[in-house]
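Same chain, two partners: chain A is paired with chain B first, then with chain C.
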Partner chain A sequence: MVEWTEFERTTIQDIFSKMNYDVVGQQSLARCLVVYPWTQRYFGNFGNLYNAAAIMGNPMVAAHGRVVLHGLDKAVKNMDNIKAAYAELSVLHSEKLHVDPDNFRLLGDCLTVVVAAQLGAAFTPEVQAAFQKFLAVVISSLQRQYH
Partner chain B sequence: MVEWSDSERNTIASVWGKINVDEIGPQTLARVLIVYPWTQRYFGSFGNLSSASAILGNPKVANHGKTVLNALDKAVKNLDGIKGTYSELSQLHCDKLNVDPDNFRLLADCLTIVVATAFGSAFNPAVQATWQKFLSVVVAALSSRYF
Partner chain C sequence: MSLSAKDKAAVKDLWAKLSGRADDIGQDALSRMLVVYPQTKTYFSHWKDLSPGSAPVRKHGKTVMSGVAEAVSKIDDLTSGLLNLSELHAFQLRIDPANFKILSHNILVVLATMFPTDFTPEAHVAMDKFLCALSLALSEKYR
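Right, the complex of A and B next:
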């Protein structure tokens, strides 16, 4: 089982309680689609993803970014059993959505960049380490039900 | 050969022009050692790396961070020949330093995060995409002499 220090727990709760899910969700997903363009293949029905400006302004991207970020709430509220919390979502991504599990890491990286840009110097190395550890656990849990 | 649009060339020059290598180099290397602690194995002679604050205050880490970041200048000034530019450095890292090339990506990730914390919202998705493309070319060039 994953062990969390007090600092790590506090850091994660702190970051997410102050987060604007609408902005961060939209930014993270949009960045993923811009920086790793092959990920656009999962969003064929999202309309115009033709360039960075189109992606940034796309309302379906914004809405879906929000959905994904709220999905992270499960982990924030269940840090001591993220694996179980994501069992169903993992099955969904594998068997229904057919998402290559590599993409979880790409989205995690984009989310980290967005949070870093927002927090600036407050995103210290220790905070970064805690945040990346949290995301690594989330990603591992989402990958777990793939066969 | 890697193709760079005019806009990408401008973006890279602009970001690099605003970076204070003496500040960003130390921060980046410190983050690598903190967030990915196994990388400390390469720096056995650096003295005290026993905690985040020790790493952040360690003068050898700071100096070496500057060395590494300064070496990126070569790539910024030779966008059309990054592979050739880094051929010797690649051999050095492989044959003499025995660095696992995976670590280049970790350093690149930490550098991206430090740049994001410094630039905030100016590090928009299009800039991020260009910057990450640049770093992935650098990482590939540094890995190119490994067999």
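Right, the complex of A and C next:
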């Protein structure tokens, strides 16, 4: 059972309520594909991923970034039981998508960088700690059903 | 994952833009590391104040960033260029190399907050590769 402080709850709700999921989703996934190019292995049918410009402008990447962020929303709305809320998603990523869980952390790091760039100085060390703790719980829940 | 000519150019380019704020970057990255990854505080039990922006944190942030600056100038051969620093970390400081990754991550987060337009995905990948190479060079003498 994850214990959240008042500050952590407020911070997470605050960040996500103000977030443009479409923009942040596209930017995070695209950045991940540029910074960690081996993650492109999961997107063989996405067309042109040959260089950073192509990735940043790719509409399938944008669409999928949106899907991922809306998936994250489920955790935001169920902070007290992310493990249960993500049981199905975990099975999906393990059994159907065959995603190496290490990739969750890579995408999480890119999401952190994108949010940091948006919030600037407002992304204080304490806010960063809350955000990264939230992502760690999400990632752990996503990995839970792997065997 | 060695640094290509393009990577080195991107790093030098970005460094030129941010070197003026190197001290701020160092202090901020270190502050974040101590808050977000509390286990790193174990290396600084001799400091009086570990809070973000404190005097020892500011001073040490400066020290760390001057090391980064040295690495940028020796980007063509980090292993030999950082030999002294590697010996320092291996034999005296004995910091677990896993922590290099942690500090690198926080440096990248700080760059994102301070230079949102300059820290493009291309700049990000070059900087990440550079910090990885730097960390590797620092671990050179460990065993």
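Definition applied: the second predicted complex is superposed on the first by the 147 of 147 C-alpha atoms of A that agree within 3 Å, B and C clash if a C-alpha of one lies under 4 Å from a C-alpha of the other, contacts with A are read in each partner's own complex, and residues count from 1 in each chain.
Assume a residue touches a chain if its C-beta (ideal position, glycine included) is under 8 Å from a C-beta of that chain, and two chains touch if they have at least 3 such contacts.
Because the structure is predicted, anything quoted here is derived from the model rather than measured.
Residue contacts after overlaying the shared chain place A:V113 against chain B and chain C alike. Of the two partner chains placed by superposition, chain B and chain C are both touched by A:F123. Shared-chain residue A:N20: touches no atom of chain B or chain C.
Once chain A of one complex is fitted onto chain A of the other, the partner contacts of A:N81 are absent, as it touches neither chain B nor chain C.
By the touch criterion defined above, A:N48 lies against neither chain B nor chain C after alignment on the C-alpha atoms of chain A. In the superposition on chain A, chain A positions 30-31, 34-35, 52, 55-56, 109, 112-114, 116-121, 123, 125-126, 128-129, 132 are in contact with chain B in one complex as well as with chain C in the other. Of all residues in chain A, those touching chain B in their complex are 27, 30-31, 34-35, 52, 55-56, 109-110, 112-114, 116-121, 123, 125-126, 128-129, 132. Partner chain A is touched in their complex by these residues of chain B: 27, 30-31, 34-35, 52, 55-56, 109, 112-113, 116-121, 123, 125-126, 128-129, 132. Residues 30-31, 34-35, 52, 55-56, 109, 112-114, 116-121, 123-126, 128-129, 132 of chain A are the ones that touch chain C when the two sit in their complex.
Against chain A, in their complex, chain C makes its touches with residues 31-32, 34-36, 52, 105, 108-109, 112-114, 116, 119-122, 124-125, 128.
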